[in-house]
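Once you scroll down, you'll see the structures, which are given as structure tokens.
In the two complexes that follow, chain A is the common piece, with chain B as its partner first and chain C second.
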Partner chain A sequence: MTKGGLAEDILTSQLLKENKNEKLKRLFRRSLTFVVIVLLGALIYLSIAKVYPFNWTTVLRYRRLFITGILVTLKLSAASMGISLGLGLVFAVMRTSKMELLNEIASLYVWVFRNMPLLVVILLTYYGVGNILDLSRFWAAVFALSAFEGAYMTEIIRSGIEAVDSGEIEAARSLGMSDFQIFSSIVFLQAIRISLPPLIGQMISLVKDSSLASVIALNELTMIGRQVGTSSFATFESYITVAVIYLLMTSVLSYLGRFLERRLMLP
Partner chain B sequence: MFRRIMVFVLLAAAVISMADLLDEIRSRGVLRVGQDAGYMPLYGSDESGNRIGFEVDLARKMAEILGVKLQFVIVNWDGIIPALISGKFDIIFSGMTITPERALRVDFTDPYLTVGQTVLYNTRRFSSPPSYEDLRNMKGLRVTVQLGTTGDEAAKRLFPNAQILRFDTMDEAAYQVASGKADIMVVDSIYARYMANKYSNLSVTGELLTRENLGIAVRRGNLEFLHWLNTFIRWARTSGLIEELKEKWGVEAE
Partner chain C sequence: MNSVISLRGVVKTFGSLRALNGVDLDVRSGEILTILGPSGAGKSTLLRIMNMLIKPDMGQVIFEGKNLGSLTKKELRHVRSRIGFVFQHFNLFSHLTALDNVAIGLVKVKGMKWQSAREIAMEYLEKVDLADKARNYPSQLSGGQKQRVAIARALAMEPDIILFDEPTSALDPSLVGEVLRVMKRLAAEGRTMVVVTHEIGFARGVATRIVYMEKGKVVEEADPEVFFTSPAAAGAQKFLRSIMENAV
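Our next item is the complex of A and B:
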């Protein structure tokens, strides 16, 4: 063992130690923040409780209703996520295609659905299109949400496609790859990876936006919250419950998003 | 010095909060009435957005006697009691049924009308009036109600096997029945009869599923104002004003 080697060893062990210290410090800071937030929350809760007598047992009695609400919201969100992602992919490809007509159609789609309030889209789908096609409440909500969020996803994926390095495409072309080959093996996956963070953000929006489906009397979480609020008179408690459930659902989504991002790390 | 100011401010606040709502309304010069979108013929809006209806006329008379202006504050039905409690308006004069549960949160006047829950149905869906027994036994019956009303409660209790669809306004719930998106609506008899008279494809079964008294609600503790409102209602009954307005608006109730 040379002297230099020893010094190096000491240095790395020191680095490791510092790293450990750093980790401990971060853990400490995090738990401190957590405690402060909990204390603040408790303080706010108790001061509200002085003027507003909280009554959690009544809300607890309605737990089965809340569960059905959660299930409907999950089903609605999951179905809309799938369809809107599909719409986003198809229209994004059309939007970046060299064929003028496809490009125009996709632009029209994005223009229509990005410039209308979601509430109006839902009402139009249920009372307008739904009347003609005899759509159920649930599917009317799914199609309205999908079409609306799909327009945003189109733009997100389009920007992902356009962000792929043009040098790579030129290189592929000079190797004699066809347009389809270039798209499927070079552009597509990179575009998805690039647009992943904003796509996850859009999915979170979708879950939150699904609450608007209560306007057509769909029994999703927000509707259940309002119903429990009116029949138990524990309005505040009921809405707090609903808010916490939405927070949990969207947090799971964003955690999933971060996990995916790490797994699909760009080189 | 600072202390003295504080004491003064606190005292002033105490005096102001002790003054009854009746005095406050008169010194403010405005009576604020809370209602939801519409419950014709009791209240609603005409083509140009003016409030019209039986209760609107009664409220006008009230404001006239109090010598104040009248202002309507329109909120969603499921938020109307919280809005009263937080002071968005002075009274709920909105066809509200007096229930002991609601009376835990607000004070009610004497009743000014007696109604009942009834079934509004589409004549194309049912060729003859369906009986309660028939409806109760129907599988997958779609019942619409207005969210948070006594109709909502009654539908839950009386049609346990039905699918209950809740809407923000009465008109939205009635539209579902009129357009065939739902089978029946459970709603106050006054509204049901009004809609059946107005639209040829809507009809009422006639049997009352419940009996309910309508009263005006005020924030708890305003006893003087509550007392005045009761005096007003008794006077409106005996003077014939209520009968006259019932005739004018076609209110079919006791």
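Our next item is the complex of A and C:
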């Protein structure tokens, strides 16, 4: 017994040491990768700078405009996220409903918006529907983006609902729970958890897709980038700025998503 | 003796498959009725007909004098809450702890507050020797533990009868014993139970009556002693032989 215990102790201490070594090695590899990437980026930048004289002061001069663009993009994205998620929930429930009419309506919605380019949806909404209803550029963009992304969210949430074990539904029914209770306290809670990772992915797509609202001259980030680029001749600088800002926004979103996933994860 | 559930001329078809072909059966108060038969005989369908998880195409299901086919949705839910059901694959709610799995029926169906429901749920978990697993999620439990939580979930509703659908078939052989032990305890309390199973030992030692089914029909009804020593139906003899062989 003591002998075995001792052997085990030695084994665990060795394992711990190896673990520590592993961690150090990984840290080293990561820092090395980082340095190489930074060096590579600098090299590319410098070689471009030889033929294209970068002028970053222009970008700084237009910083107010860029901030407006960021705010509009954030507002547009946030409003569309809320509405599209709502649409996704409602249509997903309809899509899994036993009532044929509801099911067909939801299928039609998904079919229409998943098979049209977002650009066309935005143009249709602003120049078509928006003309009749007197929609502002901003709200036209919000509605177009929401309807479009909502179709994808519908499919994501639908597959989440269908992934819930039918045995659990049977068990809930055998306890005497009503259809509504079964949906709200068994199916829905699990479906959201299952759908969360792809939903976050769709939110990230939404932020990127919001750049298409520039086509109706809404002053969101991409539009601003274009304006600054054409009026100052610092096109490259302006678009690099825009690209980096999008990268930052989507990275924050995916970080938040991962945080939320961890919080909601079941053992 | 009083019948808790009676079936009269029950027929059920799935597509071209006739799962139940005219079944008459009475489950009497306090009895441990065990249903045996080869797979595909319609045993699980019969059990699900008893609490209307599956609706029969023809025939009647009578619970306490009421024909379940003529009840409103709400009345039927009330009847279901009084008929416990234990599934082969446990069917625990995977997003709830063991304790909440047992408590949720009390909250949603009996309208209790979560706190008092959890207190009661704890008593039932103690009854199946799982008080120490109350905070665990189903994914953290063994098959035998999951099935015992499922039994506690059914018990907590204080049902008049409990239906067991092959409760040990999905278990590791080493975990069958702990579930059967709990079931024997319930039998000893005088609860009314209908058990579909392949556990011959349980059927022989605990059951008060055996129903043997084949091809959607009840072929033989007998006392366990009679059934296991001299089954009347030819099919039952063959079935018993094959099971005994497997046991060896």
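Rule of thumb we're sticking to: the second predicted complex is superposed on the first by the 249 of 267 C-alpha atoms of A that agree within 3 Å, B and C clash if a C-alpha of one lies under 4 Å from a C-alpha of the other, contacts with A are read in each partner's own complex, and residues count from 1 in each chain.
Assume a residue touches a chain if its C-beta (ideal position, glycine included) is under 8 Å from a C-beta of that chain, and two chains touch if they have at least 3 such contacts.
Just so we're clear, the structure is a prediction, and the values are computed from it rather than from any experiment.
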item	value
Overlay on chain A: chain C relative to chain B, clash or fit	fit
Partner chain(s) touched by A:45 [first = chain B, second = chain C, both, neither]	neither
Partner chain in contact with A:181 - chain B first, chain C second, else both or neither	second
First, second, both or neither for A:217, with chain B first and chain C second	first
Partner contacting more residues of chain A (chain B vs chain C)	C
First, second, both or neither for A:255, with chain B first and chain C second	neither
First (chain B), second (chain C), both or neither touched by A:235	first
Chain A as apex of chain B and chain C, Cα-centre angle in degrees (nearest 10)	150
Which superposed partner A:193 touches (first chain B, second chain C, both, neither)	second
Contacts of A:226 with chain B and chain C, given as first, second, both or neither	first
First, second, both or neither for A:34, with chain B first and chain C second	neither
Minimum C-alpha spacing, chains overlaid - chain B and chain C, in Å	51
On chain A, positions contacted by chain B and by chain C	none
For the chain B and chain A complex, residues of the former touching the latter	78-79, 81-82, 101-102, 104-105, 144, 147-148, 152-153, 156, 165-168, 176, 179
In the complex, chain A residues that touch chain B	131, 137, 215, 217, 223, 226-227, 229-231, 233, 235
List of chain A residues in touch with chain C within their complex	165, 167-168, 170-178, 181, 185-186, 189-190, 193, 266-267
Interfacial residue positions of chain C with respect to chain A in the complex	51, 53, 73, 77-85, 87, 89-95, 104-105, 108-109, 136-137, 139-140, 150, 153, 157
